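After this come two complexes, each holding chain A, first together with chain B and then together with chain C.
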Partner chain A sequence: MTNPRIKNLIAALLKGDCPESVAQSRKLIEGGAAPEEIVVGGVEAAMTALDSKCTLEQFNLLEIMLAGRAVTEVMKDLFPDGEKLPSVKGKILVASLEGDIHDLGKNILKMVLTGKGYAVVDCGKDCPLEKLIDTAGMEQPAAVAVSGLITPVIPLVRQVRPQLGQRGLARVKVLAGGAALKQSSAAQLNVDYVAESAFDILHYLDGSMEAQR
Partner chain B sequence: MNSLERIVETLNFSRPDRVPVIAQVFGHAASVAGVPLNEYVRDGQLLARCQLEALSRYGYDAVFSMMDASVEAEAAGCELTYREGQYPAVSRHALAAGGDWDALEVPDPGSAGRMPEMLKALQLMRRELDGEVLVVGCVMGPFTLAAQLLGMEALLFLSVDDPAGLEQLLGYATAVVTRFGREQIAAGAHLPIVFDPASSPAVIPPDFFRAQVLPFLSRVFGDFKAAGAAANWLHVAGPAAPVLPDFTDAGVDIANFDYYINADEAARLLPRVCLNGNIKSVAFVEAGAGEIGQKAGALLEAFDSRGGFMLSSGCEIPPESRPENVAALVRAARAGS
Partner chain C sequence: MPKLKVFKDDSMHEIPFTRGNSVRDIIGAAGISIRSGCLGNGACGLCLIEIVAGRAEGLTQSEQLMLSQQQAAGNMRLACQTVPGNDIAVRIVNADARSHWHSLPADRQPFAAGDADAVADEPPQSGMGLAVDLGTTHISATLWDLAGRRRLQGRFGLNPQHRFGADVMTRLTAAGGSVDAAESMARMPLAAISRALFDMCAVEGISPAHVNHVAIVGNTPMLSLLTRTDPGIMLDPRFWTEPVECVSDELEAWVTDLGIASDAAIDVVEPFAGFVGSDLMAGVLNTGLTRRPNRLLIDFGTNAEIALWDGMTLWVTSAACGPAFESSGIQCGVPAEPGAIYRFRRQGEGSGATDIGYDVLGGGQAAGICGSGLVDLIACLRESGELSLTGSFTGAVNGSGYLVQDRRPAIRLTKGDVDMFQRAKAAIAVGVRTLLARAGIRPETLEMIYVCGAFGRHLDKSNAQLIGLLPQLDPGRIEICGNTALAGCEELLLSPSRRRELAALRGRARILNMAHTEDFEQLFFENLFLQPLELELG
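Moving on, here comes the complex of A and B:
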């Protein structure tokens, strides 16, 4: 994307300014840009810039959620009625497991991954393990990411990988994050990776996809 | 020297007989008593009994009338989901963005939801332990309560879309919290600890905390002191280092710091504020007693010359924690004397 106007879109997305983001996206369309170009050059570029800002010391949900809301509005405007999104890097299942009715962390992850070109299947909060595994069987994702705010879900998290294995889905990566889960190691949770933030998951997935090419 | 005297000495940066140990044991008291958690969080008498039994078992220096994080939210109209073996959590928020918040009523702690049961627990524990052990009440911070009333995502968007609405909601949440806290002090709490996980820099930027949240926390702490609180105690979860120095302006006397912040950094950021922390909560579930003892020993050593320290976890000791790990924490404090 060489259109200089894309910078205006990126700036609006990073400010979390929904009306301005949609307006800039529409100007780009009027100028002849393809929706796919706007996603790659604008939306994904904005998420990359946000990623580099969000270090451990300077990570906060407010900024990410505001940008995420603007990204969501632009995507809806570009692809109304759930039209197929472009350049899907891979499919990821996200869930908060049964007993955990908090879903903010999961929703943040969904926004970040969607903004960076992943197709996200949301199994929701309070998701029974059986439903997660069944959905994995149907969707054949590259990874399953579980978010947990409370410690009682830890025993369930430990079961995800063996249950995927029993369904012939051992290749599916299992990722964990959230305030309770990130206090444990990957070995303790029996997962492939424990993330400090949604962007950590993104980096892991990008690296994993790159390695498979 | 009894527990209360030990804590007062520590607050004054004097030298008590040993470092106080504040195990943040809430629902774990029910677990070790064999009481279902969903009964513990609804019955003040049961809560007091479990807390006293846990105190007797472990021998730490404070008891807590803390049911869960949703007592004020429920009293103010949120619906909660209660499940066996778990703390209740908000399943329907009391408020919606764009609603009319002019006529919101501040719940009466004498009758609203489970507030009276928490007050009953405080009365019972204070009567039993008067003058010997610190009796701690608990309220949520105004920003955390506002997040429960409206939903976290909606609250964060409100802060940008309607700053006046945010101010109004935080004013209401402050009124709920201060009224409840004052009643806790009247019922026998030496002080209410203020839990404010939603104010963590993991959630909101430090500048936002200073401009939008801190003034309301200051109001809460000023009110508690006026009502007779022995000290003001604040817990902000996670990587709170950027906002720790601001605690002094809010009138905080004790700051609970989480495992993200190391002991030296916490001491540097709050040189004259009593600190408590910071062993990882999950370690009490997953680690062994040896590891807890080792971490506790390192903390005691780090604060040895400074003083003003109470050995503790960085956040709650989870209900399902291994009892030998809580015992190891207490043992370390006693051995360090």
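Moving on, here comes the complex of A and C:
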């Protein structure tokens, strides 16, 4: 049964009201709700609403950032440092590759995926390929998502899949997004998918997780 | 062979085609152009066509993202994504902007800073001169009688390189990928300048062979494409804050192409760095930015360049604004030409029910909204409460946006337009703040702000301040300057002392890459809100 008070949390998250979101989430905990229940019924529901809003109307970066920040705060509050986030759906590695110090897009992806129940491991910006592959080896993610705002990273993006393959990680999906990479096809970049937006990546992942089940 | 029928404006063309080619490729090969901002891979969504007869394969993924449901239901497609198999008829919805040369608006003269006397004792020159501002979207040129220091004619028109993409990155990528593309992009601006020169000379009844001095300023990517500098350099962020040498070894061929005097001097004015072109520096000269400390210059464009003089150092940065300030940026955007709505104003005091009036350049039927109109409209809707602080429409305005004009052409401001504006103005705000912080200048001690670029020509300063596009400063201290790059270029053409001044400034410039700013994301986020700028340095 859905807790009716979870609606208040969803509304606060969609408004991007950080303090109110955390307060509502705490109220739910006090009322006996489990953190996992809040993630599934509240945070994920809010992200779904935001997703369909962005599809129906149009994308507004500030709205996404506001909601994303509120989601991040609630998740931090529910699962403080040391406690592992529940990885219901799978683990995703995100990075901006070496030479690229723009990471706004990557951070938005991280917020969207976290909000929809994926465990996100962030390799940061200006990330050397070696570090990305090593982290993939340790974390065994379902997918690696790289963001690129500048074209010089394209040769690096092309190497991700073969290098994962050499480590026996050929099953890991490679996804690309960002202004520079969006201009190329998946074949040109040697990746599984080139995404238009953070939600586009989400849809792709949800689809491929569904297919594996 | 199957045939493609194309309806464009009042004309019809019939083109036989080979299967497997897109409509864009088929009509392009036949010399019919369509509006486009990318390389034809579905990234820009501008090449709209309507299928009026026949069929093509289903919508591609790009089209599903780019087309609204109404558009898809109305048989609208993107020309680059539509691959017909059999006879088909299409109507071009989004025609290419026309490429002819306009007379230049007389909005800025060289030596406007009030010191025309400064050049009075300079050595006299003779013959004719040509000053050129080579911009990403437009090329402006003026013809000068050098002996009499008189501007004879001025022209501006589109940079024909737009066929390779609307933004510099797309063009540089194309130039890096193909020698033919690089060759075309080097030749196109020269051919355009040549046509403008010929046109001006014809009106004056003189021969281009009298032109013995040419000065060209431009942003660094444009100058690098013109001079065939390795495009890889411009694509590498390390060079954005480093000097990039743009020198052509084909100047003799240029002299022939332009038909100017065989001993003519051609100065491609060297840029300062990858993202600080000689256009910006010409603007710094023209506005007299470095004559007194605490003066700020913002040159609006796809990349807004921002310069701050603190008395010792010229702090410069560049903010990526996307196409928000170009006419191609917003859905109903048009250049500031007859037909453009350039001013909106609220007529009542009430909130909610909209009562917004507007003025059209030239007074006729409205065709779209230009940059100053966009700023006014967003400010009016903020004031009426129909647009929220975060950029969402509220109340009676539904998701598809605010309808300005119902009859054809329908003019509306969409949520996507507002989003694009928010990002652009946030990027500029972070740039201004970063420069002020590095120079240690408190925002309230700013003496002057110069607003440069075609975008600002009709700008309402207080509306721009209301939504955070310009800092909160007494409007009397904000000067709308128009194309200062061209005026500065004219000064460089006419005055050796200005050329020395420019050379001296090279050593004074400090160029900052905002992506290195600590807290960039937080600052950017804070400045996305549609509210007056908060520049307190904290």
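The rule we apply is simple: the second predicted complex is superposed on the first by the 208 of 213 C-alpha atoms of A that agree within 3 Å, B and C clash if a C-alpha of one lies under 4 Å from a C-alpha of the other, contacts with A are read in each partner's own complex, and residues count from 1 in each chain.
Everything that follows uses one rule, which is that a residue touches a chain if its C-beta (ideal position, glycine included) is under 8 Å from a C-beta of that chain, and two chains touch if they have at least 3 such contacts.
Being a predicted model, the structure only gives us computed values, none of them experimental.
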- Message: Do chain B and chain C fit side by side on chain A in the superposed arrangement, or is it a clash?
- Response: clash
- Task: Classify the contacts of A:212 with the two partner chains as first (chain B alone), second (chain C alone), both, or neither.
- Result: neither
- Message: A:16 in the overlay: touching chain B, chain C, both, or neither? Say first, second, both or neither.
- Response: both
- Query: Of the two partner chains, chain B (first) and chain C (second), which one does A:65 touch, if any: first, second, both, or neither?
  - Reply: both
- Message: If we overlay the two complexes on their shared chain A, which of chain B and chain C does A:52 touch? Say first, second, both or neither.
- Response: neither
- Task: Give one of first, second, both or neither to describe whether A:151 is in contact with chain B, with chain C, with both, or with none.
- Result: both
- Message: If the shared chain A is used to align the two complexes, which stretch of chain C, 255-263, 291-299, 345-353 or 399-407, clashes with chain B?
- Response: 291-299
- Task: Identify the overlap between the chain B-contacting and the chain C-contacting residues of chain A.
- Result: 16, 56-57, 59-63, 65-66, 69, 99, 101-102, 104, 107, 150-152, 179-180, 183-184
- In the complex, chain C touches chain A at residues 38-39, 41, 43, 61-62, 65, 169-170, 172-173, 232, 235-237, 390-392, 399-400, 414-416, 418-419, 422-423, 515-516, 521, 524-525, 528-529
- Touching residues on chain B, where the partner in the complex is chain A: 81, 83, 85-87, 89-91, 152-153, 156-157, 159-160, 201-205, 208, 237-239, 241-242, 259, 280-283, 285-286, 318, 320
- What residues of chain A sit close enough to touch chain B in their complex? 16, 56-57, 59-63, 65-66, 69, 99, 101-102, 104, 107, 150-152, 154, 179-180, 183-184, 188
- Query: For the complex, which residues does chain A have touching chain C?
  - Reply: 16, 56-63, 65-66, 69, 99-104, 107, 150-152, 179-180, 182-185, 196, 200
